[in-house]
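Which chain is which? They are A, B, C and D, in the order written, and residues in each are numbered from 1.
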Amino acid sequence: MPETLSAWERVLLARNPARPHTQDYVADLISGFVELHGDRRFGDDPALLGGIGTFRGRAVVVVGHRKGSNTQENLTHNFGMPRPEGYRKALRLMQHAEKFGMPLIAFVDTPGAEPGIGSEERGQAVAIAENLLALASLRVPTVAVVIGEGGSGGALAISVADRILMLENAIYAVASPEACAAILWKDATKAPEAAATMRVTAADLYGFGIVDEVIPEPVPAHEQPTQTIQRVGDAIERHLSELEAMVQDGDAGLDALLAARYQKYRRIGRWVEETDPTRHPNGPVPSHTAD
Amino acid sequence: MRELFRRQPRFTVEPQGEDSPVVPDDLWVKCPRCRELTYSREFERELRVCPRCNHHFRLTAAQRIAMLTDPGSFVEWDAGLEAADPLGFAAGGESYPDKVATAKRKSGAREALITGSARLDGRPFALAVAEFGFMGASMGSVFGEKLVRAIERAIEQELPLVTVSSSGGARMQESPFSLMQMAKTTAALARLGEARLPHIAVLVDPCYGGVTASYTTVADVIIAEPGAMIGFAGPRVIEQITRQKLPEGFQTAEFLLEHGMIDLIAPRRTLRAKIATLLDHYALARRQPARRTAGAAASAQEAPDA
Amino acid sequence: MPETLSAWERVLLARNPARPHTQDYVADLISGFVELHGDRRFGDDPALLGGIGTFRGRAVVVVGHRKGSNTQENLTHNFGMPRPEGYRKALRLMQHAEKFGMPLIAFVDTPGAEPGIGSEERGQAVAIAENLLALASLRVPTVAVVIGEGGSGGALAISVADRILMLENAIYAVASPEACAAILWKDATKAPEAAATMRVTAADLYGFGIVDEVIPEPVPAHEQPTQTIQRVGDAIERHLSELEAMVQDGDAGLDALLAARYQKYRRIGRWVEETDPTRHPNGPVPSHTAD
Amino acid sequence: MRELFRRQPRFTVEPQGEDSPVVPDDLWVKCPRCRELTYSREFERELRVCPRCNHHFRLTAAQRIAMLTDPGSFVEWDAGLEAADPLGFAAGGESYPDKVATAKRKSGAREALITGSARLDGRPFALAVAEFGFMGASMGSVFGEKLVRAIERAIEQELPLVTVSSSGGARMQESPFSLMQMAKTTAALARLGEARLPHIAVLVDPCYGGVTASYTTVADVIIAEPGAMIGFAGPRVIEQITRQKLPEGFQTAEFLLEHGMIDLIAPRRTLRAKIATLLDHYALARRQPARRTAGAAASAQEAPDA
């Protein structure tokens, strides 16, 4: 894949409807998959797929955003934009993973959490926040893979994990380039510029230390879906094996896993710090990250 | 597996009650929903599901056990428990012991829940099956005690638990004792959960009241049969009280799936295989490194009374 | 109070709208009460009151069914019949109690959980069941007081506790006498007979070992509300003090508390058991309880 | 307490932004909602709440701190943190550092969150207050880092945490870093919870986006000011996308209370007393016997990195 693809070209690839989606990864990588439905409170969200199955010799829980491959499917699955009940189904399955010691695999592919009247009424914000809280201390190895669009809090709500992997042409950002352009340039057609400015690509995110591995796409995923899926499977397996080795000794290992997960997020951020503001109120100061 | 359904003589009891298939000459079964006739051998082969309209006829506990276990593998637990009459209950000239005697005669069962250990294609598990033909599988003291003993044995023997539930509601004749079985059975499941053993609940038509509002709906996986009616309050009660017309399909398994209350709907002919797959996943997980080795849950298990 | 009151007379007293309700107990017994609202998922149920405050020197969480004292209030509070969101608010507050080590006090006064289309759609059954599960292992002392009507699963969902107390004229039953009469006699006007047959009174429940203490009403509660409330407060304090003594040493004490709570419910039930069915298939056998 | 509001010179900054009261001659304030004039001394005495229509004017972080702390008790933490420019962001001819410089000048604050320890009628606590006047209190790296440090100090010093939040959304200029602050701050709160220290969140107008969908809504108690607009997606976005008319009162504090999302609404003049009462309850609970002394939560606290 040429290095020269622009951020915007990658945005378009990430959104290509022919790109393999969560259900394709599940079909190829998870054996004996049993889809589990519902949040036990309000509904079953077709934009969020979840269930249990076997991944290369281990029982796992899988959650993922569910996009369609055509308009009809996308209408059924709300374009992969979960409502609160989707996040609550995911939460239930995360707790299931923890209870039974099943690693959690999350496939991230969403434009974002649904903005809507019903979603606000039923607490979209708190549904996302509760997942962030649960994922921070889930006592089981967790791996998230951004396979397409990683859109804002709606992506983050299932992707706080020990390892975050990204396909080369996937994107991850705090807002869509269109929304960013509309806010900053007052012009949504400036989305390509916004995409570049926001640094949304896998290479960017890896460079920032937010993503742990970029999974190459020698050709775009939708042109070689089977090989892409296997390559993603190999990467998940490698990371899961490392994490499983950490927790061999049970609780002490899990404590260490959680401590490492905390430090991973603890470190993220860039700022400038005056070490002693009384002495150098306006002096130049070095740029910092916590690590 | 379909053949099993006829092979275990101890557990081949004819279905009873309002849903009994009408069998004109012992050779044809008439479906109460689509009115089509099915040759009785085909009917049995289809596990008593109408091949025309997919109507799932009610089964006896014995038929359920035959359907979900390897032949000869089911070992019943606590068969000797029977209802007492703690309230000295009588209504309309009939005492509770009279009612129990009638239920025993009609259903061929000694109480509304049958429990035991069994194997499913070799996989060991604990099984509890409600008998709707016995006083509408209302949850009295015996139901609760047998279920709790089964859960405690499952913990002791590290067995996964499968329950097949159906219930018309409370056992009025044991009023406060019946109510408390909701708490008692659910408390036992809390311990099963602490032991990290799975509970797979199968809800079959009809499933109402205390059974729905206790041990069944906190299961790790909830499976329902197609078309099964499942709810807390009965539809007639709701209609009477709210004076509203109930929505189309209200309280069906399909309605519950849409409203997020159950994990999946399994047509009867897929149920056994679905449970087998789930048991495999949980058995595999039990050997995985991420299994907590100790902690608050485990320490509660080791409390003085355990 | 004359011993000769019939079960039905007690049912009527338990339902007397002038009888002190949860909010009256909270007003008189809990200082600095802060009502906490909402289930964080769907709504705030006015039929279930909850919050935190100080009860005689200790911080506690209080939950209780909220009935009105007149028709208007009863319409507002749905006659004390919670919807699923009410039970989910209670669950949230139970978890709050456990997190902060605050004992839980529950006031029970409901005809039952609301039977309704919306309640079924939002999972009345699972909402109740989840509370039963949570209360079984809540790591904090819990005391429930049946102050009026203890109606079915809707009452049980907040009253699984280390100690269950009942006012002398309160009732507790698996169904209302009217419903029982309609089912068993096909005649709801036979409710008085049903009340007697179902054994719904505090004395009955105490006799069965289900209730731990009956709090006397020398005169019916609504004629001496202040004194009744103080008497209930005294009983709660006595039981809480005993339970607090059990948990003085932290986790080990809490394990013992939970073990005792389990045994308390484990014992409830009456049955007949053949010790060896092969030898005595039809022989007479003694009546058993587990204790 | 009302007097405090004017007493701390360091934290008396005039309100900025679109909600600024119009003060015709420095003596009268005109309410943008009811259009009534209020004498400015009365306006300050009422903590900037319109005495006619109860409209709660926006406050600066400094005014919030003055309102919620004992005079002179606030000790700021990490005042020296300022935004970096990790993306080299520029849009419309203005760089991110330019934008930050403008925000600093306009708001008088150095970033969108001010943290520190303080006392409330003697009760020690940790406090974090968002400054809406600084780039709409968008949550960038500095916001996240200051909040996490405050939470870690609260754990270390066993202090309860009070946050006062307001936000217009994400800090676009730090795109992925901004997003990750949601995870970072919430993870720190998981540890505060394991230490069983309370977090009381006060949501004030307006509170949207990542701040609402992370640390604020998992608080132990969520308090909102009357009329505050609170939500995940902004109302204009929802209206544009759904092409539906928004319901009356949509996303107001009152709407959220009705939908079960917040614990209570506290008019500004009651807020300080309400927080004091809550802090007393949690402080009392901390000394009670039922406090778990050990367990999974506590052991996680003692993990190698802690």
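In this section, contacts are C-beta pairs under 8 Å (C-beta built on N, C-alpha and C of every residue); 3 or more make two chains touch, one makes a residue touch a chain.
All of these numbers come straight from a predicted model, not from anything done at the bench.
When C-D is set beside B-C, which has more C-beta pairs in contact?
Most contacts of the two pairs: B-C.
Could you work out which chain's C-alpha centre is the most distant one from the centre of chain A?
Chain centre farthest from chain A's centre: C.
Could you grab the centroid distance between chain C and chain D? Build each centroid from C-alpha atoms only and quote it in angstrom.
It comes to 39 Å between the two C-alpha centres.
Please tell me the distance, in whole Å, between the geometric centres of chain A and chain D computed from their C-alpha atoms.
28
Please work out the Cα centroid separation of chain A and chain C, and write it as a whole number of Å.
44
For chain C, jot down the residues that touch at least 2 other chains.
Touching at least two other chains: 40-42, 122-123, 126, 130, 139, 251.
Spell out, as numbers or ranges, the residues of chain D touching 2 or more other chains.
Chain D, residues with two or more chain partners: 193, 217, 259-261, 295-296, 299.
Touching residues of chain B toward chain C in the complex: what are they?
78-84, 86-87, 89-92, 141-142, 144-145, 148, 170-172, 174-184, 186-191, 193-194, 209-210, 212-218, 231-233, 237-238, 241-242, 244, 246-247, 250-251, 259-261, 296, 299-300, 302-306
Write out the stretch or stretches of chain D touching chain C in their complex.
Against chain C, the touching part of chain D is residues 193, 196, 198, 217, 220-221, 257-264, 274, 277-278, 280-282, 284-286, 288-295.
Note which residues of chain A are touching chain C in the complex, please.
40-42, 84, 88, 122-123, 126-127, 130
How about chain C: which of its residues touch chain D in the complex?
32, 34-44, 52-54, 58-59, 85, 89, 96, 99-103, 139-141, 244-245, 247-251, 253-254
Quick check on the complex: what are the chain C residues that touch chain B?
113, 115-117, 119-126, 128-130, 132-133, 135-137, 139, 152-153, 156-157, 160, 172-175, 179-180, 183-185, 194, 197-200, 204-205, 208, 210, 251, 255-256, 258-263, 265-266, 268-277, 285, 287-288, 290
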